[in-house]
Amino acid sequence: MKVEVGIIMGSSSDLSVMNEAAEVLKVLGVSYEISIVSAHRTPDLMAEYAKSALNRGLKVIIAGAGGAAHLPGMVAAMTPLPVIGVPVKSSNSIDGWDSVLSILQMPGGVPVATVALDGAKNAGILAAQVIATSNPSIMANIQAYKEGLKVKVDKMNEELK
Amino acid sequence: MKVEVGIIMGSSSDLSVMNEAAEVLKVLGVSYEISIVSAHRTPDLMAEYAKSALNRGLKVIIAGAGGAAHLPGMVAAMTPLPVIGVPVKSSNSIDGWDSVLSILQMPGGVPVATVALDGAKNAGILAAQVIATSNPSIMANIQAYKEGLKVKVDKMNEELK
Amino acid sequence: MKVEVGIIMGSSSDLSVMNEAAEVLKVLGVSYEISIVSAHRTPDLMAEYAKSALNRGLKVIIAGAGGAAHLPGMVAAMTPLPVIGVPVKSSNSIDGWDSVLSILQMPGGVPVATVALDGAKNAGILAAQVIATSNPSIMANIQAYKEGLKVKVDKMNEELK
Amino acid sequence: MKVEVGIIMGSSSDLSVMNEAAEVLKVLGVSYEISIVSAHRTPDLMAEYAKSALNRGLKVIIAGAGGAAHLPGMVAAMTPLPVIGVPVKSSNSIDGWDSVLSILQMPGGVPVATVALDGAKNAGILAAQVIATSNPSIMANIQAYKEGLKVKVDKMNEELK
Amino acid sequence: MKVEVGIIMGSSSDLSVMNEAAEVLKVLGVSYEISIVSAHRTPDLMAEYAKSALNRGLKVIIAGAGGAAHLPGMVAAMTPLPVIGVPVKSSNSIDGWDSVLSILQMPGGVPVATVALDGAKNAGILAAQVIATSNPSIMANIQAYKEGLKVKVDKMNEELK
Amino acid sequence: MKVEVGIIMGSSSDLSVMNEAAEVLKVLGVSYEISIVSAHRTPDLMAEYAKSALNRGLKVIIAGAGGAAHLPGMVAAMTPLPVIGVPVKSSNSIDGWDSVLSILQMPGGVPVATVALDGAKNAGILAAQVIATSNPSIMANIQAYKEGLKVKVDKMNEELK
Amino acid sequence: MKVEVGIIMGSSSDLSVMNEAAEVLKVLGVSYEISIVSAHRTPDLMAEYAKSALNRGLKVIIAGAGGAAHLPGMVAAMTPLPVIGVPVKSSNSIDGWDSVLSILQMPGGVPVATVALDGAKNAGILAAQVIATSNPSIMANIQAYKEGLKVKVDKMNEELK
Amino acid sequence: MKVEVGIIMGSSSDLSVMNEAAEVLKVLGVSYEISIVSAHRTPDLMAEYAKSALNRGLKVIIAGAGGAAHLPGMVAAMTPLPVIGVPVKSSNSIDGWDSVLSILQMPGGVPVATVALDGAKNAGILAAQVIATSNPSIMANIQAYKEGLKVKVDKMNEELK
């Protein structure tokens, strides 16, 4: 299966958070790859990754980073693909505010689709939703996934009684 | 041309901000529609809008709201389509923090692709990027748009000298 | 005894916080019911709950939620009953600010009576105070409860000496 | 008509904000009175007001204050009636955060039903909703008011087209 | 020795923080008393305490409280004595911001001398400094205390080498 | 009359705020002096001012500053007198938070009695309250001043009717 | 004179703020150049600028940006020279917090010397201080400049009297 | 080797954070000294340290402090050398915001080069970068250090596969 979603993060310390994106993509039937790409330590690798993404066949990039989190925005600057940013509450972060604001507050012209703090699972679902706009089979998987959310609440109510 | 992007907002007072999404979609060659749909004043209209969106042929929904901004998240709860949320710094907002947090911090399972405060232009570009993942002509428009951003900086440097 | 207060929350993970509302209602002699109703996972169940509440005889609804907490505001949009919102400091919350702001900052026309972060006990007391405006026996219970608060401080002073 | 809602505020400078509570109560058919009662300048007047409220026949108290806003919480400490607090963004406030937090974050045992910053209109609606729990005629007015909110959105959509 | 400083707090749960005020007053030779006085649970006791303080011979009141912390400001409203407020980071506090802002942001006319979050030791020193303005022996103790601070830094430097 | 209160500030741009301290001290019958003393531009002048204050007969120092406001804390480090800090919302301040936190959050051992943002009037009253602990005539002035606050509220209520 | 300091910014809209760096460098006798270099619109130009800076003879880079401000950190990633970051309170910023945090909170290994919000003047002085560590003539200019700061305070005190 | 960088901090409790500056300076071949110098407890020692630094041959000062952190700014006021400030998240800090703002927000004329919260390692690298502007051997060390950062990311990617 051709890889459609690229998951990148600034450090392997972000892996425990970012793996949730991979897991939900697997559930939704979307192919992905994972790499460590650091904006500040490997800027050339990042540029190469971003610039080659479209030609390599990727359709969406998910980028996670913490603190002064420049990876999602810089990748978005160098690819026409939609980029989803995951603010990670890393150990050097001020309660996550720095991660959130440095990913969310992109200037006009270069959007990053930002999800909640440590919200990698939602980044994965969002990537699948993008793929699903032209793939009815993935769309069906998403609809089934949403049905599953309801079932969980039903079970909670049964347990409550 | 079939409408592919639905732009909604809670009140016509958000229109001056949200029109920037429409304008950039026009530039990028993507069709759209605009409506007022309020989560708190017209919850049934909102449910109808969200639930019918996929069948009506929409591919992306852009939802803008201010204060306790529930529109993007509630629409995302009722459609499998990707939903882009625009936090609006409305007059009743606490410096925009309420709009940002009540759109961004969605629970696992129901993502909203959040852009910057009052970032409707970026919401439009992001919607076009989603469409472009299966539409090479829109992808070309986005690439041209990004080239245009560089040209503006070149001009600024000429003016500086 | 007819149920007068409905306690709802987005997930059973909120139960440890929200149970404090139930406990104080029991102390004050007010009948209640508890259910899991999620704005984002079960929007139809939520609409049904909110729209039927008045006819089912409920007088007050207490709704607790964390993160981008839309449950209290959306229920308030669909019932004429007073809705009390409890911001829950859930694990995915940014120190509780998201929960507080997305419940408190409702637009003009659709109020939510918001209590402190994790303040479910106060939500219960407030619900009883609403009931008590037309029920002298509950009003007497509240007055006795307030006397009890004074007695606790007296005991603290005795222990101090 | 017997006065059912008492509207108080710390200073006549809060009047422009707090009048919105009075106006919506008038629309909803609920009787009210307005007074200046300052927690910090007239603590005895405040105690007298709060302690006599129940016997004077009041059913709800709406209290607005800015900065270190102690009026709503202190009144709640001295009456068994439900107290609705309106954080006012006064000139000496730090962007309203002080008003919001010093009204919202009441300790367990003494609730204040807090509404949005400068949300006096919603305080009025909430007071009417409390009255309406035992007054079907006011309940009908609230239901009509909510219908009116929908009509406004319909008009906005017509104007948009 | 006549008691010159009254230390009060809203709950015995604040005692571990507030005891630091007592300890430093002992070191500086200033007499004090400690009581539990709650603004919200014992408003009458608070009024009595504040109004009788001057006649009982107190010269300074130190008041500690957390969350929506009204005790320092309300006591200041009812006594002409200087009141020192200690924001306590209690369990129900939003990272201490509520305690700080509801003590610090008093309106013009009614000051509270606020110290750092959980800064009860500094409240004790400040009370002693107030007493010392008319008591040369306490002033000498404060000067000696400040010399002691320097000695500690000298020791740290010796240990470093 | 011997000068008892020294009012200092980092720049003459703080004068419009800090003059309120002078005005209320005049009303309360307390003598004062005003100087510009900058922690960052005139550190030696600051040290000289702080170290000589006790011997010059000052009893209280009021220090106002904005941004990274070091003046109150540094003066407190070099005098045994009580120091009152006024956070000024200067033009280079981030909404006043920097001024507030850099004055309030002093380490254990070196207190600054902090008042509200731009709260110079309260700094003046607080200084008078300190003087009044050993001066019955000033104490009487403060009591009269507090009576005046009540009268203003009475007038507001008359105007309201 | 060889250019020693490069001043860059993301947009000509930052020029009014960033010019203060240029002006103070002129006063201190340090040569500089100014260019528009955008991280998000001209990432290749930015990489070229950063990577060539050392060889072109620059000794310090001053980079100003607003919102999700990635320019200073990305330049720091691609040059061994010291980079000074100026958070600009641009129109699309959330009160400047996004600019501050996305410049300040760089991960270990890649520092940015951050100055105050809109603090371009201080960025210029800091750049001169860096140059001065190996240039006694610039060091003398800085010492004279600091003397000038004292003189301004002296004048303020004269005007006060 | 002559000492070129002075590392100071307000208390030995900051040593575990500040040692990271020393360690990276060792790696980069820059000589340093460490001392405890407290702005609030040893203001005279601080003045002496700052004023003698240039003549003692220091080229850069790194100052770390927490809470109302005045050490970096006050040292900057008394030396023409570049001063790097490290905000320390000490136990008495409000989540680090006080440390950050009281170091970062220096007034025009007196810069402090601020690094991230607890970012002492970056302070060390920045100090080395300043030294390197006139020392090619240190510049080479910094370039090698930056290469090492890339190698670490390469290793992470290998481990990932």
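A, B, C, D, E, F, G and H are the chain letters, set down in written order, and residue numbers restart from 1 in every chain.
To be clear about the criterion, contacts are C-beta pairs under 8 Å (C-beta built on N, C-alpha and C of every residue); 3 or more make two chains touch, one makes a residue touch a chain.
Note that the structure is a prediction, hence the values are computed from the model and not measured.
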| item | value |
| --- | --- |
| Partner chains that chain D and chain H have in common | E, F |
| Contacts common to chain E and chain F (chain labels) | D, H |
| Centre distance in Å when chain E and chain H are each reduced to the mean of their C-alpha atoms | 35 |
| Centre-of-Cα separation between chain B and chain A, whole angstrom | 18 |
| Sequence positions of chain A contacting 2 or more other chains | 11, 40-41, 67-68, 92, 94-95, 97, 100, 104-110, 112, 116-117, 119, 149 |
| All pairs of touching chains, each written as two labels joined by a dash | A-B, A-C, A-G, A-H, B-C, B-D, B-G, C-D, C-E, D-E, D-F, E-F, E-H, F-G, F-H, G-H |
| Interface residues, chain B side, partner chain C - complex | 10-11, 39-41, 43, 47, 66-70, 73-74, 76-78, 92-94, 97-98, 101-110, 112 |
| Chain B residues within the chain D interface of the complex | 11-12, 15, 34-38, 40-42, 45, 67-68, 92, 94-95 |
| Chain B contact footprint on chain A (complex, rising order) | 20, 54, 59-60, 80-82, 84, 100, 104-117, 119, 121-123, 125-126, 129-134, 139, 142-143, 145-146, 149 |
| Chain D partner contacts - residues on chain F that touch it in the complex | 95-97, 100, 116-119, 149-150, 152-153, 156-157, 159-160 |
